[in-house]
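So, here come the structures, one by one.
In the two complexes below, chain A is the common chain; its partner is chain B in one and chain C in the other.
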Partner chain A sequence: MKIKTIPKYTVYLLLVLAASIPLFFDIKMPNKPVDSSAATFKSLMTLEKGDTVLLGTDWTGSTRGESKAELIAILRILMRKEVKFAMWSSADAQSPRCAQDVITEVNAMMKKEGSREYKQWEDWVQAGFYPNSDVAINNVGQDVKKMFSPKRGTDSTGKLRSVMESPVLEKIQKIEDFKLVIDVTASKTSDFHVQFISSHKVPMIFAVTGVMVPETDVYYNSGQIAGFLGGLKGVYDVEVMMDKGLNVPDKDGKIEVASTKVTDQIAGFPGKDNTGSGSKYYPTLHFALALMIVLVVIGNVEMAMARKGAKNS
Partner chain B sequence: MKVNEINFWTKVPFSKDLWMMVILTILVGALIVFGLSKAPSQARRPIIWILTFLSGAFFVLYQYWPKAINFDKNTQLPNGGIEKVADFLNDSNSIVGTIAQVLAAFMLGLGIFSILKIHGTRIAKRQRDWAFSVVLIVSLLLMVFLGYGDFHIREATKTIDFDNPEKWGAINMGRDFLFEGLLQQMDAAMFSIIAFFILSAAYRAFRARSVEATILLGTALLVIFSLMGGIAYLWDTKFIDEHFAKPGVTHDLIQNLKLAEISKWIRGTFQTPAITGIKFGIGLGTLSMAVRIWLGLEKGGK
Partner chain C sequence: MNLELYYALSKAAGVVVTVGLFSVLYKENKFYRFCEHLFLGLAAGWAAVGVWTESLHTIWYDRMMGTVDEAGKAQSGGHWIYAALLPVGFMSYMVFSKKHNWMARVPLGIVLGVWSGQQIQAYFDTYGPQVRAGMKPIIGTSGFLVPGADSGINPQVIAANVYWSQAISNFLFMFTLVSVLSYFLFSFEVKNKIILKVNIMGRYLLMIGFGAIFGTTVMMRFTLVIDRMYFIWNEFFYKTLFHGK
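After this line comes the complex of A and B, so read on.
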């Protein structure tokens, strides 16, 4: 039984077209946020001015399409709400630099929209890179003060001091003192966070890549994490909620973005530029998935026809 | 340093005790390394096993040794042997953690040493593709040089706003070009190639050849549809809500036919328990392997 197939280079060309053409158009895709994204949005939006969060970032260029977009969305919310954050990494040595470059990028966005610029030491600190991920996350869970004390940062007078003395971490004695623990990751650090931090009474959210969604769902369903953003869909969800709010009725009383799991009415940041990589690339994902479905259908039709032909002959 | 911060692992800065500990640690460390390098391989194994056992024993003890409830180290002293051991383990945890970090950092160093050795030999002997080895080593050295240079400039001159690329010098630009302009882009490009393979594989292999394959195909398509906002909107809102759902009723039987609900059901009923089971299996396997390594039962462990 010989099956006629589309040459692989034609398949590749079709993917290039499906992934590139939507980028030239401003396509607004309808969207309903998944429960985990709505719960993440709620966790972020309930933070208050002056709160401190622990922000783990463990991703590099290979997953920047998803991880960078997630970090940008999270940082936009933290900066607009004037929440302080301590950033740290424990997997890939490139990750601190990647994250710091994103902070620079988001700071430029904030400046453009007229918001206050975030300053290192006063508003955020770099709490370091630790090459042994599981031990580092365990130690942060056990004694965050001892863990981060040796890390130094330059204060506003130019003096090198322990990051624990910074305005960001001066009130932090233990992991429970953080209002939220966030992990933007493309690796196993999310597992280690659950192993070593979820037993402490501190809410935790993850931002993971699309392929990590099934395994992260386990922790969300069990209640070990408060929510998570999964891949590009998660980014688009949060960007839409930032723009239109969650369960917020419009002037006709119609709720455009609703969630059955999170029933609170949460206003986003209407009137501000909330678009990012999620809004930009979600149509692309859409067309690529549509192409995959069409090709799978064609493949099955080809197989059925070949079977029929074999039977007839 | 506060009095309550002084323990077995810490000494008063610049004190005689501290210098003694530093010298003793260097001497013992040098002796161990020298001893290991000179010892025959038969003798090395028990030493490595003893070190592995001691390292593992610390974490086992730390996790399972009873801890005093509501013990405040700032105002109280440990009472009795059990509390003293618990206090010692507690003080040691961050130190052992730091040792683990240093060892992991050594692995990075070991990797760099290995690269330099292998590619240095290839260049020296003009072996096949030696020119690529030159590119690799030059890139490595350039990245180290420009990376440290950029870090040093940013830390030393805090008054300059380095978020503004107009304020960058040659070193900052070089670092940005190598890291952001080349490494990150190549990393992303490499990863994006997977999309072509996935699509090609889905077209060639995702076929309803049997009942099981048809069920898998149908399930996958439903989950993919649920991720596509446009399709989900047309089906859930335009079709189900507008034609079948009763106004204002959110818990109707017909609601179960929505793509979002079907996907949630597939993920909650099949996917989560399956992955939980796999994770339990991996956990048990990891535990048994850890115990074998810890007790030296694994080949090469003693």
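After this line comes the complex of A and C, so read on.
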């Protein structure tokens, strides 16, 4: 029995077209944020000016489509709310470079919208890369001051000093002093955060890839983390909430973006440019998925017909 | 070289390598192999330098040698005890020696010891809260549907009640939990007909779970393809070549 109706090169070509053509159009998708995205949005929006968060970035170019988009959305919120952050990595030596490029990109966005640009040392610090994720994350949970003290950065006068002396980390003595622990990850570091930091009673949120959504959902549903952004859907959710707020009624009293689990009214950043990769990629993803479903159906029908034909002959 | 030209060339290189890696879809070819090896070499080189500059230099070398400021003044003293770590690390390479490969077990033993010690904490902090959260009420105390944010009911009152839609959802959760656990009863032969049925249900529910995981995996892979297409069409052709806004 041989099935050969659609050549594989045609399938590849169709996929390239489905993954490219919708990118040229501004397509609006109806959307209801999932609970985990709404909870993440709440955790980020309740931060106040001057708060400090620990931001783990454990992704590289291989998951750029999701992880970079998640980091951009998170950084936009942190920078608009003037929250300081200490960035660190433990999964891959490429991670710090990838994240620093994103900070540069988001700074350019902030400049374009007339907001203040973030300065290294004053507003954020690079706390370094540490191999052996499990041991590194355990050490951060046990003694963050001892862990980050050897890492030096250039202060505003050009002197090399320990990052713990920076305005970002000078008040941090232990992990509980951070208002929020964030991990943008494409690896097992989310598990290690749960294993070694969750017992310290510091709120944690993750931004994970689509593959990791089912396993991360367990942590969210059991209350081990405050929320998480799951893949492209998570990015689109947070971009929509940044634009329209959460549980915020419009002039007619109608709530466009609502969540039954997160009942607080949280205003977003109306009037600002909140679109990012989520808004650009999410509609395109639907076209690609629709193509896949059509091809699966065609393949199954073909197979059924071929079997029937073989039986009859 | 001006900065604009540098960015244009780096993006062009990105496009060439992306096309090169996708070319394997046509057939195995030398261009694909070249791009693959280029990536492996870059990643290995970057990792070696990154581990030294970002990690070993600060957490080992600086602690051993001490640090100085720009003027050459001592900032922190060195602790030579850190030098003792070097031979321990090098012992790992003794795995290549037939005569002295026992030495490689020393660093391996240290790593295993650290890992094993951590697992007690890791296990309880991972599964303890999950077991506690697994005890869910399966009997409703109020209406069927959970009132929405615009219902005017105090959110704390909503949170304090168990609505029947939630109770049904909790029951499905409990049933799935018990049936999947029963699937893993390998220590003895299950003969009870009811447990056998629950056992089979557990297998099907596991399949549904794997299907959901596969679905999210497919979505992620498609997102990566879309991102590459965006890079080629928008970031390179539209913005870099044609200076689009």
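To be clear about the criterion, the second predicted complex is superposed on the first by the 307 of 313 C-alpha atoms of A that agree within 3 Å, B and C clash if a C-alpha of one lies under 4 Å from a C-alpha of the other, contacts with A are read in each partner's own complex, and residues count from 1 in each chain.
We take it that a residue touches a chain if its C-beta (ideal position, glycine included) is under 8 Å from a C-beta of that chain, and two chains touch if they have at least 3 such contacts.
Everything numeric here is computed off the predicted structure, so don't read it as measured data.
Undergrad: If chain A is used to align the two complexes, do chain B and chain C fit next to each other or clash?
TA: clash
Undergrad: Touching A:101, do we find chain B (first), chain C (second), both, or neither?
TA: first
Undergrad: In the overlay, answer first, second, both or neither for which of chain B and chain C A:143 touches.
TA: Only chain B is touched by A:143; chain C is not.
Undergrad: Contacts for A:151 in the overlay, against chain B (first) and chain C (second): which applies, first, second, both or neither?
TA: A:151 contacts chain C only, not chain B.
Undergrad: Which partner does A:249 reach: the first (chain B), the second (chain C), both, or neither?
TA: second
Undergrad: Looking at the overlay, what does A:306 touch: chain B (first), chain C (second), both, or neither?
TA: neither
Undergrad: Once the shared chain is lined up, is A:109 touching chain B (first), chain C (second), both, or neither of them?
TA: neither
Undergrad: Quick one: classify A:198 as touching chain B (first), chain C (second), both or neither.
TA: So A:198 only meets chain C here.
Undergrad: Once chain A of both complexes is superposed, is A:218 in touch with chain B (first), chain C (second), both, or neither?
TA: Both chain B and chain C are touched by A:218.
Undergrad: Choose the clashing stretch of chain B with respect to chain C from the list 44-52, 116-124 or 224-232.
TA: Only 44-52 shows clashing C-alpha atoms.
Undergrad: Overlap the chain B and chain C contact sets on chain A and report the shared residues.
TA: 12, 15, 19, 62-65, 93-94, 97, 130-131, 135, 138, 150, 158, 214, 218, 221, 233, 260, 285, 288-289, 292
Undergrad: For the complex, give me every residue of chain A touching chain B.
TA: 5-6, 8, 11-12, 15, 19, 29-32, 34-35, 60-65, 93-94, 97-98, 101, 104, 107-108, 130-132, 135-136, 138-139, 142-143, 146-147, 150, 154, 158, 214-215, 217-218, 221, 233, 236, 260, 282, 285-286, 288-293, 295-296, 298-300, 303
Undergrad: Flag every residue of chain A that touches chain C in the complex, lowest number first.
TA: The contact residues of chain A facing chain C are 9, 12, 15-16, 19-20, 23-24, 62-66, 92-94, 96-97, 128-131, 134-135, 138, 150-152, 158-160, 191-192, 194-196, 198-199, 209-211, 213-214, 218, 221-224, 230-233, 247, 249, 253-255, 258-260, 263-265, 277, 280-281, 284-285, 288-289, 292.
Undergrad: List the residues on chain C that touch chain A in their complex, please.
TA: Going through chain C, the ones touching chain A are 25-26, 43, 46-47, 49-51, 54-55, 58-59, 62-63, 67, 69-70, 75, 114-115, 118, 121-122, 125-126, 129-130, 132-134, 146, 148-150, 155, 158, 209, 212-213, 216-220, 222-230, 233-234.
Undergrad: In the complex of these two chains, what residues of chain B are touching chain A?
TA: Chain B residues touching chain A: 93-94, 97-98, 100-101, 103-105, 107-108, 147, 155, 158-159, 163, 179-180, 183-188, 190-192, 195-196, 198-200, 202-204, 206-209, 217, 221, 224-225, 227-230, 232-233, 236-237, 250, 260, 264, 267-268, 271-272, 275-276, 279.
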